[in-house]
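Structures follow.
Note that chain A is present in both complexes that follow, paired respectively with chain B and with chain C.
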Partner chain A sequence: MDRSSVVKTITGALSDIMQREYSDVTEETRLFEDLHLDSTSVLTLLMALEDQTGIEVDPESLQMENFQTIGTLADYIEGNLDVSV
Partner chain B sequence: MSSRVTTLERIAAYTPSNSVPIEAVGESLGLHRYVVRMFRNIHGFDRLHEDAQLDLFGLVTAAADLVVKATPDPSVIKYLLFAHTVLDVTPSHVDAADVIREALGLADADAFAVTQQHCASGLAAIDIAGELLRSEDDPTARALVITGEKPVTARFRVVNNTTILGEASTACLVGAGGTGDVVRAYGTKTQVLLSDGVYLAEDLVTEFNDNYTAFLAEAIHKALSQAGLTLDDITMLVPHNVSRLLWWRTLDELGIDRSRAFFDNIGRYSHCCCADPFLNYATLRDEGRLVEGGLYLLTSVGLGATYAAMVIEHRGGTA
Partner chain C sequence: MTTDYLRGIKKALTGSEDTPLVLVCNFEAEALWAKGHVGLPAVPFSGSTRLVRRMEELGVLLAGPDDFLVLSEALDPGFRRYAEELGFALPTVLVPENVDPSRSTAEDALDSPVLLEALRSTAGVLLPMGTTVLEQKLAEATGLPLAVPGAEVFERVNSKIYGRRVAVSAGLRPVPGFECETVAEFLAVLDEVEPLVEQGERVVVKDAYGVSGKGLVVLDGKVKASGLRKLVTRRAARSGDDRLHVVVERWLPKRFDLNYQFTVGRDGAVVFDFVKQALTADGVHKGHLVPAELEPRHHDELRHAASVIGERLHADGFSGVAGVDAILGLDGVLHPLLEINARLNMSTYQGGVTERLLPDGSACLAKHYTLRLAARTPFDAVRAALGPLLDDRDGERVVITCAGTVNANAADDAPFEGRLYAVLVAPDRARLAGLDAATETALTTLESR
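This part shows the complex of A and B:
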C-alpha cells in the first residue's frame, strides 16, 4: 500500500466513523484541533483502519504523537504495515 | 464515638446466569461496529451478564438474601444502605431501599440510599456504615451495604463511549470491631465540577478523562497514607471494571506492576456500577486467591466525580 493509498484509506475511514465527507484534508490537517476529533473517535478510527489495512493495533504502543495529523497517523499505519509484512 | 474499626463480616455477589458478548449489546443499541471493536480490542470488555426477566428488586435481593440467611440473628442488622449509581432507580413514590428492607425481612433496620457519589457510592456506604455502627453502644449491631442496578437506558448502558455496563449485585455485612476483614483506610478525591453524571457536556467529559489517572492515584495515595502503608505493602489491587487501557495508564502513574492488579472481571462482567470492587473481591475469595493477612486495595470512580480507594485486610474468615 503506497502513501497516497494510506492517506485515502484514512479519509475514507474518517468519513465512515464521523458520517461526513472529508474532501479537503491534507497530511497537515490536525485530528484534534482541525477535525475536532476526541480520544474516543480517534480510537474508533484506529479500529476502522485495523479492519481496512490489516494492521494490528497494540493498545500499549499507542502514543499521542501518532495522532497529531493525518500525516503522523499515516506514518503510524505505514510503520505497522511494515511489521505485519 | 468508639474507636472500633470497620469490619466486613460477610460478602456475597450475584450475577445473572445469562452472559452475552458485548457485540450483542452493541447491536441492540445501534453502536457503530468499530465502537464495539474499540470496547473489545482497546478497553478489554468481552462479555456481560444480564437478565431481562429479573427486575431491580430481584437482582439486588439475590445477593442480599445470601448474607441475611447466613446471619444467625438478622435482627442485629440495624441499617440497610442501598448504594446505587443512577439517582432514581424507581418512580419517585417508591422508596427502593425500604422495599428491599421489607423483602429481606429486616423489620428493625433503618433503610436509605447512598447515591450522590455515583459508582463510588458503594465504598462510601461502607464508610458511612462504619461510622453509624461506631455511634451505637451495641458492638453486635450490623449494617448491610447492598449494590445492584439495571442499566436499562441506552445512555446508561454505554457511558461516554468508554465503558459498557452489565448487571450484578453484592451485599456486605458490616460491623464495627467485628472479626471480619478490616477496613484499614478509605481515601477520596472529589472533583466538584461534574455533577451532571452521565449527562456531562463534552468539554467536561474531556476534563474528566484528562484528570482520571492523576486523581485516582491521589485517592489511592491518600488511603495508603491513612493506613501508614505504601504501594509495596499492597497484596493486590482490586479495581472497578472499567477500561483496561485506562487502568494500564493508572498503574504506570502509580508504579504498580500489572501482575498485582485483578483485571479478569473486566472481560467477564464489564462495569457493574457500585458492585465492581465487592464483586471482584468475592471472585478472588471464591477462587482461593485471598491470603490471610493480605492487604487489598479496592477502588471506584463515580461520575460527579469521586475517586475512591479503600484498603482491606483479609483475616481469612468468611468475608
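This part shows the complex of A and C:
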C-alpha cells in the first residue's frame, strides 16, 4: 500500500464516519481542530482502518502526535504496515 | 439577589435557604469516577479536556452574591459587566494562585495555600457538580462540609449499569438491553445482537461512566460490531483483565430525547424540578428545548419516575440534584430512565437564567455555538458581534451563560476551537429557530477565515 493509497483510505474512512465529503483536505488537515473528530469518532476510525488495511492498533498505546493531522496518521499506519510485512 | 431556584437547592441540601455555597463546577467528574472501571478501548487523549474544564464558568449565573465560586481563571471583566447589566448579582470568584492547565480546578485549589485559607474563612458549604476524590480532599483541606455525599456514593449511583438496574427493578420500562461487567458477558451479548445489526438495527454500546460524546459506539454495521469484538478481545488478552463495564442497548426509534431533573433532599424528600426536550445527535448532547412537546400523561409518568428513582437514590445514600435522560418513542411510549446523572446538570446551571429571564409561556433553547478563532477573543468582542441579539426585543433575546469556554484552547495553534454557551428565548419555536440562525450568522464575524 503506497502513501497515496493510505491517505485515500483515511480520507474515505473519515468521510464515512463524519458523513461529509472531504474534497479539500490535505495531509496537513488537522483531525480534531479542522475535522472535529472526537473520542468516539477516533475509535470508529481505528476500527475502519483496521478493517481496510489489515493493521492491528492498540488504541491505548496511541499518542496525540499520531492524530495531529491526516499526514501524521498516515505515518503511523505506514509504520505499522511495515511491521506486519 | 439569590434566585428562588438556588434558595430551593440550598434549603434541600443544607437545611437553610441562606447557606453560603462554595461552588466547584467540576464538569470532568465522570472521568474520575471512571477510574477503576474498564470501559471501551479508547485513545488516551481528548481534544476537549480544557473546554470541558472551563465550563466551570456556568456556575457564575447560578450562584448568588452570598456564594463563592472557585474558577481556574478570573472572570473576563466584559462578561462580569454583561452579567451585572442583566441584573445578576454575582458570587465572589476565587482563583487558585497556582494554576496548571493540565490539572483540574480542584487540583489547582489543593496546591494553593492562599486560596485554601480564603476558602476556610468563607464558612460556606461546598457544592461540587458531583463529588470525586478531589472535591472530597478539598472539603478535608478547608474544613468546609460537603452539601452532598462523598465520592464513593456519587461513583456508585452514576454508573449506567446502576441506572439500568434501577429501571429494571422499579419497572420503569427499560430500553431493551444488557448490563455487562466482564468481556465474556459482552461477547455473549454481541453474539446476540450482531444478527440484528446485520439486519439494519442500530445498537449502542456505552461505557458505564461516559459523558456525552465519549465512551460510546453505535453499532450500525458489521465492521463496527466485529471491530469492537476484536479490540475488546485483544485488549483483554494483552492485559489479562477480564473486566468490561458497559451497557448495550437497542437504539429505539424516537420522537425525541428528554431530560428531567429533581432534587433529593437530605431528608429524602424528592422535588420534581423540570423537564426539557433534549437535542442529541448520535447520543451526543447538543442542547435543550423548553417546553417539551409532551402530553399530560407523559408529565405524570415522569413525575412518578422521578419519585421512584429519587427514593431509590436516597436509599442508596444519595442526596442532591439529579438529572435523568429519557426517551419518547415514535410510538408515543415513554422510556423514563435511560440513564441517571446524579449530579448538577447543564440545566441546573441555567436555573437562575430561566427563572429571571424566561417569561411565562415563552420557548427557550439552550445550546452552544462552536467557534473557530484565530486569536484570544475578549468577551466584549463577542458582545459586539451579537449586538442587538442580546437585547430584549419583543420577547426575543440571546443570553450568554458561559464565556470562559471561548478561549479555553487559545494556547493551541490557530485556528483553535472555542465554545459559546447561550440560552435563547423567544415567544414561540419558529422565532426561536430564527434567532438561532441569526446568532449563528452573527458569530461567523468572529471566526478566522
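In this text, the second predicted complex is superposed on the first by the 84 of 85 C-alpha atoms of A that agree within 3 Å, B and C clash if a C-alpha of one lies under 4 Å from a C-alpha of the other, contacts with A are read in each partner's own complex, and residues count from 1 in each chain.
Definition applied: contacts are C-beta pairs under 8 Å (C-beta built on N, C-alpha and C of every residue); 3 or more make two chains touch, one makes a residue touch a chain.
Bear in mind that the values here come from a model prediction, so they are computed numbers and not experimental data.
*Asks:* Taking chain A as the common reference for superposition, should the pair chain B and chain C be classed as clashing or as fitting?
*Replies:* Result for chain B and chain C: clash.
*Asks:* Regarding the shared-chain residue A:E33, is it in contact with chain B (first), chain C (second), both, or neither?
*Replies:* second
*Asks:* Output check: A:V25 vs chain B and chain C. Expected answer is one of first, second, both, neither. What do you get?
*Replies:* So A:V25 meets neither chain B nor chain C here.
*Asks:* In the superposed arrangement, does A:F67 touch chain B (first), chain C (second), both or neither?
*Replies:* second
*Asks:* For A:D51, using the defined touch cut-off, is the partner it touches chain B, chain C, both, or neither? Pick first, second, both or neither.
*Replies:* Both chain B and chain C are touched by A:D51.
*Asks:* Any idea whether chain B or chain C touches more of chain A?
*Replies:* Partner touching more chain A residues in the overlay: C.
*Asks:* Where does A:I17 make contact in the superposed view: on chain B (first), on chain C (second), on both, or on neither?
*Replies:* first
*Asks:* Report for A:L43: first if it touches chain B alone, second if chain C alone, otherwise both or neither.
*Replies:* both
*Asks:* So in the superposed three-chain picture, is A:P59 touching just chain B, just chain C, both, or none of them (first/second/both/neither)?
*Replies:* Both partners, chain B and chain C.
*Asks:* Tell me which stretch of chain C runs into chain B once the two are superposed: 109-117, 289-297, 343-351 or 379-387.
*Replies:* Clashing stretch of chain C against chain B: 343-351.
*Asks:* Starting from the residues of chain A touching chain B, keep only those that also touch chain C in the other complex, and list them.
*Replies:* On chain A, the residues that contact chain B in one structure and chain C in the other are 38-40, 43-44, 46-48, 50-51, 59-60.
*Asks:* If we count contacts the way the header does, which residues on chain A are in touch with chain B in the complex?
*Replies:* Result: residues 16-17, 38-40, 43-48, 50-51, 57, 59-60 of chain A touch chain B.
*Asks:* Mind listing the chain B positions that touch chain A in their complex?
*Replies:* Against chain A, chain B makes touches at 32, 34-35, 37-38, 41-42, 160-162, 202, 205-206, 209, 244-245, 248.
*Asks:* Taking the complex as given, what residues does chain A use to touch chain C?
*Replies:* 32-33, 36-40, 42-44, 46-48, 50-51, 56, 58-60, 62-64, 67
*Asks:* Mind pulling up the chain C residues that touch chain A in the complex?
*Replies:* Result: residues 40-48, 213-217, 223-224, 226-228, 230-231, 234-235, 238, 282, 284, 370, 372, 412-413, 415-417 of chain C touch chain A.
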